[in-house]
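Two complexes follow with chain A in common, the first pairing it with chain B and the second with chain C.
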Partner chain A sequence: MRKWLWLLPVFLSGALLLNLAGTAWANGGPHGGYTPTTDACAGCHRAHTAQGPNLLTATSTYELCMSCHGAAGTGADTNVADGKFVAARSPSTEGEANTADNGDLLGGGFVNYKTAAVTSIHNSDGTLMAAWGFGVARGQTANLPSSLTCASCHDPHGSPNYRILREQIAGNAVTVDQVDEGPANKDYDDEHWPDNVSNVCVACHGAYHVTRPNSAEDNSDNGSGNADYGGDISTYAHRVGMNYAYGGNADPEATGYGGYFLPLTASKNVACQTCHLPHGTSASMSTLATAPFTNDSALLRLDNRGVCEVCHQK
Partner chain B sequence: MTPTPWTDDTPHPLVPEETTPPPVADAAEPEGLPPAEAGLAPLPSQAEVKSEDEARQRRRLWAVLLALLLALCGVGFLFSRYVRRPEPLPEMLPVPVEVNYPPHFLFAFYDVNGPLGIALSPSEDRLYVTEGEGDRLVKIFDTEGNLLRAFAPPRTTAAERAPVYVAVDARGRVYVTDRLQHAIFVYDAEGNYLDTILGPDLTLSEYIAKHTGFKPRPGTFAYDWFEEEVHYQDPQGRRRTLPRPDRPTWAPLGVAFDAQGRLLVTDVALGAHRVLVFSPQVAAQDDWSDFQPEVWSFGEFGEAEDQLQFPNMVVVDALGRFVVSDGNNGRLSVWDAQGVWQMLVGTGGGGGGLNLPRGLALDARQRLHVVDAVGQVVRVYDFSEAQPEFLFAFGTAGTLSGQFHYPNDIAIASDGRLYITDRANDRVQVWSY
Partner chain C sequence: MKRWMWALALMLTWLLVWERPRLARADNGPHGGYTPTTDACAGCHRAHTAVGPALLTAASSTELCLTCHGAGGTGADTDVMDGVYLQRDNTVESPAEGVVNRGLKGGGFQFARMDTGWVGDATPRAVTSAHLMDGSTGIAWGGGAWGSGPGTSMTLACTSCHDPHGNAGPGGTPTYRILRPVPRQSGATQVVLDDETPKLYTIAANDGKYFGEEYDNTLYQNLAAWCATCHDRYLAPDDSGHTDTGDPIFAYRHISQGQGCGCHNLHGGPPPTGNPEFRHDPLSCLTCHVAHGSTARMSGHAGVVPWPNGNGAPSGDARSALLRVDNRGTCELCHDK
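Here is the complex of A and B:
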């Protein structure tokens, strides 16, 4: 028996290679997984007759993405305009895609969300955006190095990150562990977040990245300082990265509060996305919740300060 | 031989010698002729002849002037018409066009938000245009771009509907696919709601009829995918509800009718990208409370030659072939009349290489017009022969007249006019051969 043990690592290595071979480099579709003789490039690029930068056939990145991912869903099941997954699931594929018909996408929507008009969005149509927590206080003017587009955060050619997120955003490295959803686990309306999913937000909103309480060194503001917070940011900003139970809070994902729920990471930790929708929200804000920024729902998942109550239940 | 010298007295050899005209007899008193009483009319006098000549010349002059005036009026009319709306000569004068040259931009109209699908009425006097943004309505325009009216599925808000493609049957009934509602809504020519095709073998009126035992009248029932109940009125006019039907397992996207009256639908349900071919019974029925059409399909999801990825539209050419705009595979997929895959068209580079084909339309000469959404052009192929050939493309990227910003669909009228939805420019462009 023992003389055959040497075969074990060979077998395991082979199994590992086979497993890697089946792992897509992206979430599917035209975004990655290219063969050496792929025809996919021609979908968006022209080598000598391009109309926009990066040899694109058009000038507007937002409209390019929306030509498939818009409300019409003419080229994708992920309708990011409405924040809906619009592929009807047939019985034969029920085990391969667990997203419900018209399920709400994890990122929210740019036009509607949960069948209501959005009240705040990450405007990704090329507008120069303010990035609060990027060395400036909230409400100040923009200081992103470039205008914001879909491609600011997502890599259309695929990436090893969850949801083809870029490995570098706004000049900052982004480390987000890949969650191998695979065809059996692919799911657009249930979170399969790695614990470091907040890093995507931190690339621009670094000063809000507080991971431990009562420490002036717990933020990663990309060296831009915390002058706007007077030093110890943890005194002024909510933590992320801790387990939901810190401080004796209820489980916002499983238990919820009053029928409302919030998502957590794989280890049941709180991430920026627990409270905020990266694309856009239709949450409504009343008098107190809007102060001092009128009509600003700040990408929050729930109306007013529902996101506070789901965990803290005051 | 010595040439004869020329003098003033001798006639020039190259000048014909002047001949003396014969004496003219006095017309009034001809000699040797019998008198008038003998039965012959007297010859007109010289003055009378001159007068007649002058009259004839005047008449001729007036005729020429009249002709010139008419021509001037015609030119003036054409000029004024051209000034008001520049059009190519073939459109102003009904000249049959037999050469292959790209069409010309005529004008655009703008009362639309992110237009996606477009279809002409059977009489070609109306356009139906779906909106992908704003209120997401279906709008009716005349062919000059004047908005006539707009409509939408009953009981839905803008956030609950996503109309995409539109087709009109021979009776003028309008079929609109909806990506959020997973259904095809059917309206009359005025946009009044008639019924909903919930799946390949179920309509909303049929569902209600099966559960209530009576056939509901159009306009008295409705179902919104996001609600849990179907709403209807019973024969006494009382409002009633039914539990919603089982959710369909299809995702209708493209919709069209072929010459036989068959309803063609592209289905992009997860993992089952295909083309559904409904028997002509659908278009022939007065209502669909008993909806049992024969349906067959071809195609499956994938990148292989005989597979499809987001088929957007399908047409049937004169040879009976199905031509599918295979969107995310960037090509046209051609299938025979039995649904057996034949060939690919529009792959590779060059003018005929497709980026992201969407809307399709064939003209009378079997020229297939393919809207290339990301290529920002319309590419035209000759499908009159067994082997299709690329002819030309028209349009460029941009926001000016004749430029496209993510166009999506096209309709062609028999007079050679082309109507193209220019999505990101929020307009419909009108071109003409």
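Here is the complex of A and C:
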């Protein structure tokens, strides 16, 4: 074997090792990328003096997460309680290059959002079991396999998914590609979403994942389970996953309407998160927007039906 | 008498004289197996000229132990201060009871040869944590009843755990490492650890890696119970990680005895996670900790873990808690997160 051929496997092995290590660290903070002698476990767990299940240092998963990410936390700049990115909270500089100090988090907030009290949230304190459209028709709920906590959607030990979203949620496989991940590139107040960002929602709200073209007019039975209609053709539903221009709409991300904007995916597609905030919203609903099945703000990004009007501009 | 008969008589005599003491020396050295006319007492005691309590030839029991087992001792191959097995006494054991110059299973009290950094470096280093052994007083964390606080105050010397006279088991049977079934001041119910045969004092790994050391299953299980004679509330059976004990300090605990609940998949159950190389079945205190002392280093989160009494000091490396690997390597090597 020629001399340079000996170098090839060495180079490839090195590249593999370095690449693996790099990928693992994409999650940041104590969330993933562990070496064999990591100290990170001790950030959240105690072997003998734990105060919560799973050997947590706090009494619950929610309390533990909030010890860093809550309003009074100092372990992370992302204050998910108030929906704010506060650069001075932690020594970490992750996200600071691309995120405005005191900027509003992409996911909204669990207690406040845009300085107003939230009106609807994904309640992640471990008490919520029911999920809309989880194996049942839209407008109906079914219980999740376990109650909802932060760790139901996020894997505190890291994940190859965007925002350490779990690879398995409620028993369903989830893939949400990393787009802006990496300590230097994270952007917490401006979306850089992959086109499959809706997948995290689909895991629990599968019936709402309608991708069929012309879904507002066509809910016919396709004879093979209607996966493109969330498996539920009992009603009509808005479509997701299509380009914003479908239907001749204005660009809600760049053009907006009346000073209001909505985020799109990398390919300018509409995702669940275009209209809904994953954590919680302070949007207010009045008169017609409080009709049955819309009896709360449903984590919408804008008051009433602003999310409709910014695109459709009727 | 024919010649062969003389030879037979000689052989029988040899068996009687030599084989009986060898069997009696199952606890090793001067530690047990005494005949009515033993000379062993004089190895450690003086009837009229003792310089220490209990008629010892040294000022304290620990000093006496170290005359043989210390760094400068020549009476035993086990140098517990340097945490290394040597060939320095007058006995050549067969089979060998350790690999010369390899680390002792228990680590060391002053130095140890442990690759706690998992980097292939087992050069001797000063320990960062060790069990007290000089007769001073400390807290046995988790000692005492539920709700009784962080632990119990104890004075600890070598002889708190080890019985120098051996034969410590029921009916005078030898015990593993001449460990007392009821450690002094523990006030516990006895836990008898059967002796191992043959003895092996050094770790299995030839590269100084202490994590993954194998023990006999029964011994392993019983060792956890034995540790808990002082550290009562650390004895945690299956499901302890999900079950609130009601104790304000030791509420949820990592399993320290048993086979695990399967929920974290080290012992089966979906999805498959964990590192099969270090799958422990069963699991024991010694899975993660050494008995004498460790050189493990602690930094970051691992160096600032409060002690069970809430104190933050000492911190850093001194918080190593006799762990086998730096930081939380003992977690990661199993759980592979």
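Methods note: the second predicted complex is superposed on the first by the 239 of 314 C-alpha atoms of A that agree within 3 Å, B and C clash if a C-alpha of one lies under 4 Å from a C-alpha of the other, contacts with A are read in each partner's own complex, and residues count from 1 in each chain.
Simple rule for what comes next: a contact is a pair of C-beta atoms (placed from the backbone, for glycine too) under 8 Å apart; a residue touches a chain by one contact, two chains touch by 3 or more.
Since we're looking at a predicted model, the values are computed, not measured.
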{"item": "Joint occupancy of chain A by chain B and chain C, clash or fit", "value": "clash"}
{"item": "Which of chain B and chain C A:30 touches, first, second, both or neither", "value": "both"}
{"item": "Chain B versus chain C as contact partner of A:43, first or second or both or neither", "value": "both"}
{"item": "Contacts of A:55 with chain B and chain C, given as first, second, both or neither", "value": "second"}
{"item": "Contacts of A:158 with chain B and chain C, given as first, second, both or neither", "value": "second"}
{"item": "Which of chain B and chain C A:150 touches, first, second, both or neither", "value": "neither"}
{"item": "Partner chain(s) touched by A:204 [first = chain B, second = chain C, both, neither]", "value": "neither"}
{"item": "Partner chain in contact with A:271 - chain B first, chain C second, else both or neither", "value": "neither"}
{"item": "Which superposed partner A:82 touches (first chain B, second chain C, both, neither)", "value": "first"}
{"item": "Contacts of A:300 with chain B and chain C, given as first, second, both or neither", "value": "neither"}
{"item": "Touch count on chain A, higher of chain B and chain C", "value": "B"}
{"item": "Stretch of chain B penetrating chain C in the combined three-chain arrangement, among 148-156, 202-210 or 346-354", "value": "346-354"}
{"item": "Set of chain A residues, in rising order, touched by both chain B and chain C", "value": "30, 39-40, 42-43, 46-47, 51-52"}
{"item": "Chain A-facing residues of chain B, complex", "value": "114, 116, 132-133, 136, 157-160, 162, 164, 179-180, 182, 225-226, 247-251, 253, 268-272, 310, 312, 327-330, 347-349, 353-356, 358, 373-376, 396-397, 405-406, 408, 423-424"}
{"item": "In the complex, chain A residues that touch chain B", "value": "29-30, 39-40, 42-44, 46-47, 51-52, 57-60, 63-64, 66-68, 70-77, 79, 81-82, 84, 86-93, 96-97, 101-102, 111-112, 115-117"}
{"item": "List of chain C residues in touch with chain A within their complex", "value": "116-118, 141-142, 233-234, 236, 241-242, 244, 249-254, 271, 288, 298-305, 308, 325-329, 331-333, 337"}
{"item": "Chain A residues touching chain C - in the complex, by the definition given at the top", "value": "30, 32, 34-43, 45-56, 157-158, 168"}
